[in-house]
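Below: the structure, in structure tokens.
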């Protein structure tokens, strides 16, 4: 059982999950400079769980076993649980300014818990019991699970079974006595560098023809047959450069460390299969997961925005313009956007409701509104920060120049701001803003938990416009009999 | 004690509060066409309180007497109370598409309850007990109270005591054994046409020089010496025209029926004075009231937006374009803005906290963010509705033309939309959209509960940017010793 | 020939065009309080044309006759003409803050001039010559022509010939030796109260089945068989109230005085028929007219925005807050939006090009971008003005109250702003802002010259995305041979 | 004299300008992978100037010598010149999707030309003649000049002479018979890798105390005593990686290759000093340069936006979703924003006016509005592109993985889109979008030509609000005599 950050890092070393990056197969994940910042961010969640004043947010009691467990392995039993989840996310991200990497797993666990219950109720299957066993193991061992949802999809205008290559969506290629063989690839997998288990589930609604694609299962991350290829991130190679400054956030990562996971005829024992062929539940899996995941974005991005505002605040003070009224006004705008984001996460949690299984899920409409705001506000907050930080954000010399015997003193002299602040400090702060606002970091806010259009479809579906039309009829004095032409 | 809508209307008739409009003094408020729509909207709150399925939202139990009372006269005892408040507001506005007019009173009661408690604790005064007596009377009699906050202010660059005319802010001009004499004027008073009592309190922070202006009191609306002059509203005289159609919302009003109230040496007995001279609490009154009031806007405007979306939905269907993808997309945007507004009201309620008096208040930051969003989104929702309704919104003939023997059939023929929908129905729906989106209606969303700048100041004050700066220091690896220049 | 404003008003009196409003048939247009503000605005164009320093913008030389004519009756012969057109529009609107009402006519004349030329070239018809005769008469007599485009359309999902009522689009119901008989109705007709002639043309692309709907013609406004019904405007009845203050803009109107025009078997002589049955040119008529009309919006709304900014500037100074930095910042935003609008009008004029007829037309893409910005910015400029003016905008007493012997002095005392500014002046300024920003005024900016979707379609059509895709190929190093799958 | 791209590259080799990057002093600029993409972009301007169909935009006739010269070395003699300038910029950027790097120099030349003329007129100096000689040399030799404006500024709340370190702004530290010695540093220098000459001028208004800082001069880039340190850019080290794909735009750069230039007691002969001590003209230098530079942004960023739209268009087609209506709608938005940007550049050129020297300058108000729009729209266009491209934008494997013997075929299989499009082509297109929208690229749009606040100040200054207030007075019927309190 993992207790401390050290336990956690050791557990990863034991796994030896191979991950490809830059054409190399890397197995010493926690020690590799490309992956370490990601591992550090998850290790921080273990560290915070040991701090008395964070404990209430980080840990809770398992409804299955009565034991104290990590909230990341918890099935939400109340609105309070939903609220604590998002408060935990904002708090952690204020400490790391980095994707938590554990929420997709948590959300996948909750989705699987609620949907397997409903499948079993309808079909008399036993997915839910099998899943509870898996869950108890996770809680007991205090493991990290990640979710794998988005298939690579090929031609997006076609359903899984219509693709010219049948492997564009993960599917079962063989049934065996002891389990199934799956093939396909999942994109945008978050957190694999720090995970123990991966939970795989469908990416969209399915119809009968896609039956073989309707499969949900878990496997250990280091299972034979899975190839992980790490995605490039903005300025990724800076992590491998000497020095701290140019990294911006030297200890933690920028995003979730997304990769593509290719399942090349991977074996999954039956006990870890939580749905197979019940295609009519594929959409519900997506909806439950997506709603839970969209719930988070106002909180986790809110936490990162807190750090971004802090770095920006430091910079304007270093520049000597912290009191200018137009700058204060722009801070208000950043605050406003951040708190509107967070309000969404709080609201959809507060308005959560129980499912058939007893587990609570957030309000779908509000969770989608929260995520849709994220796809706009994170860009806008970054834009405002760029506005008031100044152009140096994009033209500053490298740390190597700064450390150079000849150049260093020139840079020190000429890139100084107000008296009393070191040039290094000022440069570090610019680099932090840079790392929080450019490229991969903002795309994550756009596409994590699904693209804007996915949120829009859910919102239109839930809005009940015909009912609203009737409210208008009543107020405008339109009687039913008038509704036929005179 | 008022129980039914009829009781309520009778109670207003008994008051005979005189209100000036168009140079006339009107005393038969509930029967006058200019005021009736406002009275109807409040009467609706009495009606809804009698409906079994609304009861839980509309009524609650008094923490003072244990009796069932209207929620509008309730002091919030929990987060649940705060949540029910905003749910009630959205629900009512879905029925009336009109300002509720009772929330400013409710918020003023709650503010006075909490602040008087704190004044008494510090100064050993007995304002809180006096106020509780007043409150019990309101609860028992089931009365409507309105709040009066905004002074007319004269030159806004000057404090009350610096104005060239000392009456630009309400103040005490004489102390007597049995009470005080007050003079001044309050602007933007909402709901006077349907009120029994008015609660008066300061509009801004005060310093010692403004002591005489630091006064809080209640009086019956029909108290001698108060002159109410009703403000003009967009298309106000349509209410006095024959027919229903051109009114848009023929039964209810558009806004709160704002007026200016001039206090010309009005006597207030000591038992109804809840603060006097404790100038250092003026700001807290404003903050408590404003926070409570800003909490509402995502809910009440959300309810009106529901009706607006409904009317717009009807129109695009009457036009035969309901299925066009760009129109559906614009609906999503309206839904999204509406639900973001409402999420704010829910979130600040969910994050409410108790004050010293035990009463709960919403989260200040989130309540302000909610209101600030309102000042933008209500305009934008209206703009989108205009976009998809079409130009007829602004060029349709009058009902008189439509009822004219000769013209009526021409209009009927030429302003028809799809088959199966009467022209009258279509025209009514356009008029409803017109009344919900033009002029006074949107200005209310801008300035009700204070102008945007007031929200911005509160948000900047609450954001703790220096703490956020420290988070950034820690993440960027800036050590304390580096903070002095090298 | 009309020379002075007085000549102009007399010419209207002679016409006795009957217009219905509020169920009454009104023939004394220039004297009726409902119509007079519209007539005044056009009369102002005659007045400005006599001022030496405006002459260059207001007048020009006819390319047909060499005579000096009003620019409103001119066919643009150069980019300079296009530029002067929009400069004229902004200048006039700065004087009247009111729809000019003459630009739709001017644009219809230009569209008809260019398209008839092209029809004749293809079909050997003589529409262009007939039209030139009509045009010369207009130039010589110095008359006002209005355009009539938008049919009432019935079910918008159907083409003209598919409607259940064939009269939903104007069409020819009978051909006679001396002319044609037309039936149908045109909505949103601007400027009829001040017009001499109306030019009628189609509202959309047509196909062969709609041949009888493909008709363009002119008639005097007072032609037998046309019924005009005046549309309601926001606060329209204030124009008929005593006093000036509550009107906001007491001399001029708010919008174009839109009406619906019903053509009930109206006879048109052949000499005034400029297209009939050449359905394939219906779309070109719309495009030419719409482009010319969209060209204007940045200029005419820019001129109104100038007045709105001016009124807002006065108010914040009356309030004593003119120097507050957040207020100055909001002015910058209004200025920025206004100048962006105007830049669009200038740019599409500067990039104009000649047609086959030799007449110049503005750049289609930029004209559409200009109009689309108008549908957003006019709302936003109004919203910002509301923000900084304050709530009195929506709660001020009526002029009748202000003129009342008893109330007047109370209002004078309590609605005063800074010293040195009369209360009346302050109230007038609020009313001006109110009239410029509410209801009908903004809907005009949305739907005049076609709804946003019409602009969007034109822009997508003109953007040549495949060519842009090729630019990207070349830059990304994608070779043609790679474009087939490996 | 440079004629061909090859001549140009050779001229750079001859200069051997040393530029520092990553702690190394690099002298083989045109061959170094970090700098080559920047050189290529300027070389392209020489190439385009030789193409017959581009010639008219790229070249013009010198008003000084009558010889055919590069437009980049031209002093604008008409509105037509101003228009051709911006058309040239959009055209070039469509070819390179990269900062042109030559416009700041062109704008500095034009600013110096006009301001020296005015200084000479007032002070009887001979700066203008000296400058014309310099200019003739540039035109004759066909050289590249860059501008150096932004000082490093230290504490931004202080003027140059108030800084604790007097070198925070470039200033004269010694006057000699043959010239001056200057010290200080200029930030954000664009284009040094491809330049021959640098023109240095002040960054802000100055007062008498800052006299020694009021200096304008030119020097060859390789002048002794200047240290250039190259700024880090987003993903800069990808330029030094093997392969083309991950660069996105393999041939050209992303931004201008900004550097800091430190002037460590650099000697400038008197003949290249174009202002010295005439501090009252420092502000005019800034205004003339800034206006000319802001004129460009709608055009150059418009050209880049064209390529971005093209790449996005390719991607959505590769994804199989090119026909989805929400995607088409988002393209319209990108088109609209792009054309609004470009309209600004056209409009301020079309409204240009001559200065005392006879040279034309663009309209200040509109040029500032154009740049301010750029600081918003470039971010928004990027955001929309991210929206519709999909998450792969941020999670795609490296080219090294793709070229790997084992992984390559897996990536080829699983990252394929629709049939008929190679995976490599799809990946290249994602990388192009990535490089055009992340980090440095957008910050350039924010801060190039000055931060938003600089534009706002200029716009407020030019708006003449008091005049607009008078327009409102006249329309609201406020007479002058009313303006004193009644």
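To keep things simple, chains are lettered A, B, C and D as they appear, and every chain counts its residues starting from 1.
Keep this in mind: a residue touches a chain if its C-beta (ideal position, glycine included) is under 8 Å from a C-beta of that chain, and two chains touch if they have at least 3 such contacts.
Bear in mind the structure is a predicted one, so any value in this text is a computation, not a measurement.
In this assembly, B is the chain whose CA centroid lies farthest from the centroid of chain D. For the touching copies chain A and chain B, the fraction of interface residue numbers used by both exceeds half; the interface is of the same-residue type. In terms of their C-alpha centroids, the spacing between chain B and chain C amounts to 37 Å.
Centroids built from CA atoms put chain B at 39 Å from chain A.
Computed from the mean C-alpha positions, the centre of chain A lies at a distance of 51 Å from the centre of chain C.
Shared interface positions of chain C, i.e. residues touching 2 or more other chains, are given as 326, 329, 416, 419, 456. Taken pairwise by the contact criterion, the protein chains are fully connected, each one touching every other.
On chain A, the positions that touch chain B within their shared complex are 83, 94-97, 244, 248-252, 306-311, 313-314, 317, 328-329, 331-332, 335-336, 339-340, 342-344, 346-351, 365-366, 369-370, 372-373, 412, 416, 419-425, 428-429, 431-432, 456, 459-460, 463, 465-478, 482-486.
Listed in rising order, the residues of chain B touching chain C in the complex are 20-24, 150, 152, 154-158, 164-165, 167-168, 185, 187-188, 227, 229-235, 237-238, 246, 255, 258-260, 262, 264, 319-321, 326, 375-376, 379-380, 383, 386-387, 390-398, 400-401, 403-404, 407, 410-411, 413-419, 434, 437-440, 442-444, 446-448, 451-453, 456. Across the complex, chain B meets chain D through its residues 325-326, 329.
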